[in-house]
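Read the structure below first, then the notes.
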Amino acid sequence: MNESLSYIFINACLVNNFVLAYFLGICPFIGVSGNIGTASRMGGAVMFVMLVSSICAYGIHLMLEAINAPFLQLISFIVVIASTVQLVEMIIKKFSPALFRALGIFLPLITTNCAILGLALFQTAKGYNFIESLVYALGAGAGFTIALVIMAGIREDLDIADTPKVVRGTAIILMVAGILSLTFMGFAGLGG
Amino acid sequence: MVMSIFLEPFPASGQTVDPGAPCKVDSATPAEIINAIQEAGIVGLGGAAFPTHVKLKIPKDKSVDTLIINGVECEPYLTTDHRVMLEQQDDIFMGIRYILKATGARRVIIGIEANKADAIISLQERAPYDLPVTIEAVKVKYPQGAEKMLITALLAREVPSGGLPADCGCVVVNVATTAEIGRLLPLGRGIIERSITITGPGVKKRGNYLIPIGTPLRYALEQAGLKKNATRVILGGPMMGFTVSSLDVPITKGTSGLLVLTDKESQSTIRKEYACIGCSHCLDACPIFLNPSRMGRLAKFEQYDIMEKEYNLMDCFECGSCSYVCPSNIPLVHYFRVAKGIIRDKKAAA
Amino acid sequence: MDTNTFIKGLWKDNPVFVQVLGMCPTLAVTNSATNAMAMGLATAFVLIMSSTLVSLLRNFIPKQVRIATFILIIATFVTVAEYLIQAISIDIHKALGAFIALIVVNCVILGRAEAFASKNSVGKSILDAAGMGVGFTFALLCLGAVREILGSGTFFEYQVFGHGYEPWVLMILPGGGFFTLGAWLLLFNYMKERKAAKMQEISA
Amino acid sequence: MNVLNKPLEIRTSPHLKSSVSTNQIMFNVVIALLPVTIFAIYSFGLAALLMLSVTTIAAVLTEHIYCRLNNKESTVGDWSAAITGLLLGLTLPPALPLWMAVLGSIVSIMLVKVLFGGLGYNVFNPALAGRAILQAAFPVAITTWHPAFLADRFTHIPSSSLAWPFTTATYDAVAGATPLGNMKFNHVAAEVSDMVLGMTSGSIGETSAVLILLGGAYLVARNMMNWKIPVTIFLTVAVFSGIVHFFNPTTPTPLFMLFSGGMMLGAVFMATDMVSSPITDRGIIVYSMIIGIMVVVIRLWGGLPEGMMYAILMGNAVSPLLNRALKSRVYGTGRKGGAK
Amino acid sequence: MNQPELEQMTAAPNSWHMIRALAGIGLMCALLIVSTYELTFDIIKQNKAEVLERAIFKVLPGAESKAIFIVKDGQVEKLIGDGNGETRYYAGFDANDDLVGVALEAGGQGFQDVIHILLGFNPEKQIIIGMQVLESKETPGLGDKIEKDPAFQKNFEALDVALSDDGSSLKNEIVFKKNGTKSNPWELDGITGATISSKAIAAILQASASQNMPVLYKNREKFKQQ
């Protein structure tokens, strides 16, 4: 299949947004979207880790193909992602304390963010080459960040709203996510 | 009962005015002039009653190049400044001489609303040639009489957030205050009376009255005559004034007007409150470009910290424009006053 | 037998409705009751197996590496489950897609391993895992049933409403997933509130 | 002195109030919608009349019943529920089964408005979000158009309108196509003059550009609508689609873009919804530009013929961010104070 | 004993424990995975083959057995062993071992995501005789009619893909027509309300046919050798 890079990006970012169409990374989407500043930093962290783990996943996939052991895919993905995140955390801590302060607390959370693992699995399943994988990771990360920040903006408004007592908490977030998901359906067919 | 100090004259006293030492503009030093103003007890007569000698004492690290005489009525309904400008021109110019000397400013601008042509003309005619004074007409709109607004209108300068007019090189004095300085200082007297606008739909004889400070409202209003349906008596103007619960309240130096409203106006201001619909009328109305809509919502949910830190709550000078235009009848200014009070208390406690 | 350990996961501490964990599969694969069921069972399988193993080895695993080993164990059982599902039916495997592999990052499983299995005996851990697994499957079925019935007019592919029914396509779209889970949470909140109000009435 | 004998009223300043109030603004929006409504009924006949009354009544009733059940004072009097119902009706195709329309009204009020806290707190425009939900739920029914100006429109109700609740509707044989649908799928452009006057097919209330603009002008004249929103949207759409048209003449002209589909109705009555649009001046401009760009992108390159609804919903979604990011500069901050 | 030495003493058994635990569990996990993989490998392979076969037989009506061909150095030849990566041609034969047609996979951009389909060609008659959707995310109830709508499936009873005279390209472009307006055998009768998905299928057909039809036609005899 010939998928242009722009199509891959738009598809991962808007049309099939990881959060709103694939339900990946819902936990941080609900957990870290209370405040715009936090949300955008989290988005940045996720985007960064996505890029790194996309590269790793590409390498692992090549290696597993070479030794013909597809059954090790999942286990090596999760192990590598977890250790990459640790490594990234240490590197950032060492070289940019400012960045670490901004992203630090989110990095461990990202390990169990299914969007990262999902990205690795999808790019492998779709058979993307190296550049395509990078673009895909970038698009997915951008899409995740967009959804997260929009949600944070709305939630900051909802914090000072007269919402009925029963909907406060996760219920109203899910309702907003539903409407957002419908809104993103407007992008369908873009980039073809 | 309102907290007041009641003075009774000593029956055996002669009841004569005992003048102090006169202060001559030619011979006095700036410090002496400021001292004389303090002795005379002169405060801002526009309504804020801020001690004038404090205002004129320019901090050492700042300098002032322009003196602005505020001839703009601070609120609708009030006309005292207008009367002063028509009747006390010489006192005004004498006062300017004192203030110029006290502050070291080099030029004077008198700002007057454009619809008061008579005041502009009469001041221009009587302006002494040796004074660097210009008279400028400004647009008629509320709250043009606020210090910050007038500075921006005349000089295109802005007073920094949390700062004073001296921070942008000017000092603003109300025209009535200036006149009082010019009238009292040469004689060495203190301030014992002021002119007050008594007006409103609930008053029979509307007009400007010269009333001794300390007179109970009851007495002043009896002279002007109250209508039967009067319900609300306001010290000051309609936008920023305070209602009083008792007519035993005395007139103070800061009382620029007495406004009496009737049932009719009361009802029109007590209307059902809706939720904010984000019409943005208050943003358009706010003279200093705050976001009253958002702050109102934040105040309702007691998020005072955010109001202060992200929305510049403390810059609000409570002009009341936002509450006036709000179609949802949200008492925005009231919310802001409460919020400011709470924040100040918190800071004081910390 | 400690039935309380089992019941707790099923209802009082239901992983989806009460703890709001494991959202991704809850939303992604519940567009039909069949998929929901398969996903629930697969998760329950991994949950029970990994809890058992973790509990068995709990004294063997040092504290510092416990998370790493837990993830390793879970990933293993997920891989096993993936191959088993493929062996049973390719169609189900296709319908669930990548979400089988994503069971690895389902916080319910790691959560139970960490919070319960690593501290309790094997029998208790199995009970707890079974309770959570059944509770998870139950929650998934709740969603899958609503979404399939409204969205396709069927339940486990049996016609419910007859042929004239106009399906609400929205329900099987992603948006419908959010709305349905939101509605279930609303219902739970509402019941909780009613209960609290009643308690207050009684005490007052 | 009579005044001494009764207690004085204590209130906080200001003691004056402008005369406009929220329910008046809302009521005037209804008035502004009247020409469009009447034309809709004229061009689509009984189907439109039924549809509009059903959506409006359902919306108002839903809100009223909710308030009653929760022992609150009914908020129906602020007219906002009526606007939601009316606007929803105006965006639906004329032959849509009425039960779907009712469902849409209920969803608009309950899910998009009441759950978010009622008037003033709804993040999304209730009518539009309701329509988006309907579109996702019943994609076929909501894209089945019905021609305008049928001879028997005042005597005959389309059979699909009266379909039993929850059943699939059967449609009358007559079918219309919207100018945008024709453009996208058959590359046939409608006459702009027809679209201006409302001679084409489409949703009930979107066909007559002139009457929509008339209603908008009325609201602007009464200072009850922010004219910057529609004007910026129109400008953005005209410039953007103009550039594209210049380089690729097979794309629709800017005029066609402006007068087709829900552009007019959306820009004038939906995007200007005060609650769900930004309040800061710069925020409003960016919001309108986002809507303009997105609608052109969806129409030209997306899969759907019409994107106004999604564009405005997207605008609504980013409004809180715009309000935060594009605050006005507060007096005395940022710029240097003095001339010194 | 001083402080560092003491720490070393207590730390040493700990790190041994850690390595022991990790290695042991790793070993166990590897064992588990590999044994499951080995156990299920054949079943899964068979399952997959069955699914593929079912699809092939669906797009090649009447076929009962199949053979896989690949293109190697411009030549079509039978695939031996598993092979990897190449475009595969699945030739289907009926009960009498006569060639029914050749099936191949195709894909392209749909409304929501990429659509994968399996196409059945009859190289002799130069027509498409079957289409089966393998994977799509089209809107349920609307776009997914490309799989479910019997009227749409009727298009693929005999869709004309005749080659031009020089045999290198299609004579007529496969075009999409609005529902009920099909007038030529090379036109695709669309689905009302699902215009985009129908159009996407037309585009995929056009791309796949114009690429593969010349190859198929040229090698039509080769496919017949069972």
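A, B, C, D and E are the chain letters, set down in written order, and residue numbers restart from 1 in every chain.
Keep in mind that, in the parts below, a residue touches a chain if its C-beta (ideal position, glycine included) is under 8 Å from a C-beta of that chain, and two chains touch if they have at least 3 such contacts.
Bear in mind the structure is a predicted one, so any value in this text is a computation, not a measurement.
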Intersection of contact sets, chain A vs chain C, gives D, E
Greatest centre-to-centre gap (Cα means) from chain E is with chain B
Determine which of the two chain pairs, D-E or C-E, is joined by the larger number of C-beta pairs in contact.
C-E
Rounded to a whole Å, what is the gap between the Cα centroids of chain C and chain E?
32
Please work out the Cα centroid separation of chain C and chain D, and write it as a whole number of Å.
40
Mind checking the centre-to-centre distance between chain A and chain E? Centres are C-alpha means, answer in whole Å.
29
Distance between chain centroids, defined by C-alpha means - chain A, chain B (Å)
58
Which chain D residues touch at least two other chains?
111, 117-118, 120-121, 133, 136, 139, 303-304
Do you know which chain B residues sit against two or more other chains?
275
Provide the list of chain C residues touching at least two other chains, using ranges where the numbers run on.
68, 72, 75-76, 79, 83, 169-170, 173, 175-176, 179
State which pairs of chains touch, listing all of them.
A-B, A-C, A-D, A-E, B-D, C-D, C-E, D-E
Show me the residue ranges of chain C that touch chain D in the complex, using the header's touch definition.
161, 164-166, 168-171, 173, 175-176, 179
Could you pull out which chain A residues touch chain E in their complex?
1, 3, 7, 11, 15-16, 71-72, 75, 188-189, 192
Chain A-touching residues of chain E, taken from the complex the two chains share
29, 33-34, 36-37, 107-109, 111-114, 137, 139, 196
Contact footprint of chain B on chain A as seen in their complex:
159-162
So in the complex, which bits of chain D are touching chain A?
70, 111-112, 114-118, 120-121, 123-124, 129, 132-133, 136, 294, 297-298, 301-304, 307, 309-311, 313-314, 317-321, 324
